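Notes to accompany the following structure.
Residue numbering begins at 1 within each chain, and the chains themselves are lettered A, B and C in the order written.
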Amino acid sequence: MAGYLFRRFVTSLVVVLGISMVAFAMLHLISSSPGRAVLGLHASPKAVAAFNKANGYDDPIVIQYWHYLLQLLHGNLGYSYKLNQPVTSVLGENVLRSLYLSGVSLVLAILIAIPLGIYQAVRRNHLGDYIVTSGAFTLYSMPSFFLGLLLIQAFALSLKIFPPEASQSVSVIGVIEDPRAMFLPILNLVAIQVAGYSQYMRSSALDGLGQDYIRLARAKGLSQKAVLTGHLLRNSILPMITLIGLSVPALLAGNLLIETLFNYPGLGLMFYNALQNEDYPILLSYTLIAGVLTVAGNFIADVAITIADPRVRLS
Amino acid sequence: MTRVLEIEDLSTHIQLSRSVVQAVGNVNLHIDAGETLGLVGESGCGKSITGLSIMGLLPPGGKVVGGSIKLEGRELVGLPDAEMRKIRGNDIAMIFQDSSSSLNPTKTIGEQVAEPVLLHRGGSKKEAVDRAIEVLDLVGIPGAKERLSDYPHQLSGGLRQRVMIAIALSCDPKVLIADEPTTALDVTIQAQILKLLDDLKERFGMSILLITHDMGVVAGRADRVNVMYAGRMVEATGTKEIFSNMRHPYTQALLASIPRMDQDNTKTLFSIPGIPPDLTNPPPGCRFAPRCAYTKSDCQESEPSLSGSEDHVVACFHPVMDGPLKPEKMVTLSHGVRERAGEGETPLLEVIDLEKTFPVTSGAILKRKVGKVHAVSGVSLTVRRGEIFGLVGESGCGKSTLGRMIVGLERPDSGKVLLNGEDIFSLRGRTLAKKRRDLQMMFQDPYGSLDPRMRVAAILREPLSIQGVESAKDQEARSIALMREVGLPSKALERFPHEFSGGQRQRIGLARALTLNPKLIVADEPVSALDVSIRSQVLNLMKRLQVSHDMAYLVISHDLAVVKYLADRIGVMYLGKLVELARGDDLYSRAAHPYTQGLIDTIPLPDPEIERDKKKRVISGELPSPIAPPSGCRFRTRCPRAQEICAIEEPKLRTFGDQHYAACHFPLVEPLEEAASASGQTKI
Amino acid sequence: MEERETEGVEESPLNLGGGIGPFEPGITDPLDGGEVDDTVTSGWRLAVRSFAENKLAIVGLGILIFFVLFCYVGPHVYHSNQISGNVLNSDLPPGSGHPLGTDNNGYDELGRLMVGGQAALEIGFFAAIIATVIGSLYGAISGLIGGLLDGVMMRIVDVILSIPYLLIVLIVATRYSGTVLSLSLILGLFAWLVPARLIRGEVLSLRVRDFVSAAKVMGSGRTRLIFRHLLPNALSVVIVNITFQVADAIIAIALLGFLGFGLQYPHVDWGDMLSTANTALGNGYWWLVYPVGISLILVVMACNFIGNALRDSVDVRLRRR
């Protein structure tokens, strides 16, 4: 088992290295001459060249990548000339607020989706299943921000229960203390995630219900509840672990849209603003981090599966 | 005797999305205390659905639509689920076919065995665990206490089946329903499990409902036998009676279709024409009538009900009275070819010292070799022109790998395969492609071996167009002729594979193999996916075509009876080694290797007399891992005759008679004088 | 044919269904392979039948056809000025002359919906084709060649798949002017990874199937194996994938447009029309949000319905084999 995880870890490192190459390559292709971007169109070519030389932007590409990699290893993600701030500090300002939003919505989504999926599988092709499936299908076919628009229309503009804008508090504590303002963005994220997870859980549970060991559990005389909690749950959650590990990109995309829609100052909004400013160091650093997080998510899921599944653990 | 379980007029339907399967109708059966009732029939006959109806565990859409099921006089049909749950696993327990999927992979053995005890008997967890150890011990799990925390995947198939039996026994059920309890197991393990069931029944006096397709399995242990066909009970009587004095034509035909070890293999097997009816739209009248040789007009009009005396009932208007079919009635096949299978000339196929290992790797990118599976280890054999050579052995013995090497699908690590004296692995490109004409293959899986996107016509033409022989017009004529030879109408050429039944698809597979007029067809488990009545059709066809096409077969099977029926000579493989080789009759009557004898002893024969008298010699233990096969003789770990030398020195093939060789230090029969075999390279 | 070497068998190979004396049950002719259905149903026909029985698929197909007609035939029936806006007419509510009102540049919203729909459908379709073609070729090559190349190719897929799609697409979109072609390319070029994995998996599982072994035993060369057996059988997976790719691409356009990286003004797609949705709702201009939003959702749903039904019907075909 340890050997397996070690090999998975090495593979993950290889992938991370690949991601850094892609991020670097894109940075290089899109803004190969940062001097021009920083100094503006009116700067003399000489000044641009001097700037590029001073910052090592005229070295051979491999050397530049090597420097880039070394900087990364030292935790230096580059410098945002637009904001006049190191990228790390820009990220640092926003990371906790985003973490709160994503974390709360992910946990809520899992807690809702698992029982919902099992319920659907057990009541397969009954009314409840149809209703949930239709709802999930509609949500799934909807751009995530559109649900947000509907929520704003209903709860903020028509009913006026919740504000249309998320908490603007600078500190996370402030955000946590303002659940009313966070209700709609969190509800929005939870709803889209539940739509995906519950359908996956449904098919996983359906798969489980068709297994011979469920029949044997029933043949022992166990009640439906005991069969579901004692035999079905653990086995059908196993594939969910992998799915959740794979969901980092979707989570980040969700953040980007929802934070933009609700004007919530997190990493997503930061990314949106950087897009408007064409602030490539921030954009690509964030992309790099997103890639690393995705790899990490997969790896953590693998570890979790290894712990949860005796077939993997003991082989 | 007390009636423990009594079923009257049971009807179970299964609602599919567009149709209703009338899976079981008008089934009557009863089991007395301490009795074993065999419920036999081919796949889809409703025997398993009957078992599941009793348990109230029907698949989605399944419903008991009529009749009654009484457990000690108490009606179970319509019982509320809460009440039924108290009976399941407690009064009636069930074991299923596939133990690898029937045990929960994420729960320990201990938890799973203790679960029903805790549920039905109450008491503390400790008491439940104690009981679990007790029953695990009872079913012969070595070191039961230490095994409690094991997970199912850590046990072998045989042990898992024992665990499932332990779960069933844990609450001392009155009735045990065993649904194909040994079908997924190898014959040696099957014998162990059947023996265990016999012992347990004797000790605890349970009633057993033994559901199986295998007449041999019921012959040995059932007190009475009920036969089902197409959702109907067709005959029910004592075991001896059913084998010797059956009344229903289906029973008679079914029994005659089974190839037997002591059968005269120069005669055709009996076979039932056609295929069972579609149960979503069953024919009116007797459901067997379309396939029955004795059918008369009244059979098609109304359905016969079960009638007869108390101890022998049959559902037939024209029951048979003359007992089993006499083999004299069977057709004798020509012997011409086999006699011509001359000595002296170069054999058609020579396999010399073939060796194949598969690496066991781990790791995603850096595939490290952590060991190797010794699939085939130094096997030599010859197949003569026009001969049928049978290769028999349990799963994992390397027989299929050997077959795939012979047709060139796998490359051996070392050794040679000579076809007409020419090594096929020394050939390349066009020459090899051309050589392949002589060497064709028939596959086990009738579903996977035909390209689902090609029409039969294209499937049959493919070998010809690959080989670039014959014009398009000739190819078409050839396809029509081939279809006729395998007994399919030429209109079938326009069909796609999914439109055929399993037996028909095997016929198409055979026709495809025949297209190039090969000298040798390697048939890997050609009939093991087929039901008995279809199986005999295909066996007869294979035999007949072998004679008419003057070709040789290498038949690979786990089923010694099938191989014995088809083959002239038989090779027995165990864990990658050829342990014995002899003519069929010779092998059967004077096996030299203890493994061969063990195989012969453990195959259940459809004959109660033999089965009951059979000394219950079973091969103990399980197949060792092919990654680290035992030193010396590979069978020694399970051999009753093994001595020290068996672990040290690998036995060489010695001669035991005309074309009879075996590799054993302590053979069951005396070898011919040492001089003959000591000459070293025995040409086999 | 010299099958007559066998003795005593009733020579009735073509007399299917009979030819056996009533009391001679022992002599069943192996030449009776049983009846074959009279109706020929090809695998595809079976798939089509199962597809047609799926009501949702028919509904989906109907919706899709409706929107194609609406977007392409609609402008010929319903004429509106989509060339130049009229600021004096901006943000008019639905009423006479403008059944769906006007947007903040004074364009007629119904006409805009048709034009924007054309762009959305085209981008969705092109992006899906690009992704599927690249992905299928890549996956097929990887799966067919195997070995080290397969390992490297799949690690590359891992790398690109680890980078969130939306982020990378947005970054690239900041640099390239928004035309139908460039958006299709951007979306397609980053969406081929999933089909690549799917096809590779399918090829790998087909490679070990018995019918492929059978073709090898006949002496079939590699090319024939690939083009006659592997690719045709993997094709169904590709086709199912295209419909889902269209749905995904249309959603992606909506996201890009919403964030302001869609087509360049005055060109428009449905996503662009939603870029000011938040303000529009705040101002009570609901007609600028719901018609386009609902159209978009209906088209995506339709594609998903069709994709699900196709997948099921292909499964049916495989299940019945």
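The criterion applied here is as follows: a contact is a pair of C-beta atoms (placed from the backbone, for glycine too) under 8 Å apart; a residue touches a chain by one contact, two chains touch by 3 or more.
Protein identities per chain, from UniProt: A, C = Peptide/nickel transport system permease protein; B = Peptide/nickel transport system ATP-binding protein.
On a predicted model such as this, the values are computed, not experimentally measured, just so you know.
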By count of C-beta pairs in contact, what is the leading chain pair? B-C
Of all chains present, which has the mean Cα position farthest from that of chain B? A
Taking the mean of the CA coordinates per chain, how far is chain A from chain C in Å? 26
Find the geometric centre of each of chain B and chain C from their Cα atoms only, then give the gap between the two centres in Å, rounded to an integer. 43
Chain centre separation in whole Å, for chain B relative to chain A (CA means): 51
Two or more other chains are touched by the chain B residues 365
Could you pull out the residues of chain C that touch at least 2 other chains? 155
Touching two or more other chains - residue numbers and ranges from chain A: 11, 14
What residues on chain B touch chain C, complex-wise? 249, 252-253, 256, 268, 270-275, 293-295, 325-326, 329-334, 336, 365, 404, 407-409, 432-434, 436-437, 439-441, 443-445, 447-453, 455, 462-463, 466-467, 481, 484-489, 491-492, 494-501, 503-504, 507, 509, 512, 516, 537-538, 540-541, 544-545, 547-549
Can you name the residues of chain C that touch chain B in the complex? 1-9, 13-14, 16-17, 20, 22-38, 40-43, 46, 151, 155, 209-211, 213-221, 224, 228-229, 232-233, 317-318, 320-321
Of all residues in chain A, which touch chain B in the complex? 3-4, 7-8, 10-11, 14, 124, 211-213, 215-223, 226, 230-231, 234-235, 238, 308-311, 314-315
So in the complex, the part of chain B that touches chain A is made up of which residues? 55, 57, 60, 82, 85-90, 93-94, 96, 98, 101-107, 115-116, 119-120, 151, 153-154, 164, 167, 362-366
Touching residues (chain side chain C, partner chain A) in the complex: 155-156, 158-160, 162-168, 170-172, 174-175, 247, 251, 254-255, 258-261, 271, 274, 277-278, 281-282, 286, 289, 293, 296-297, 300-301, 304
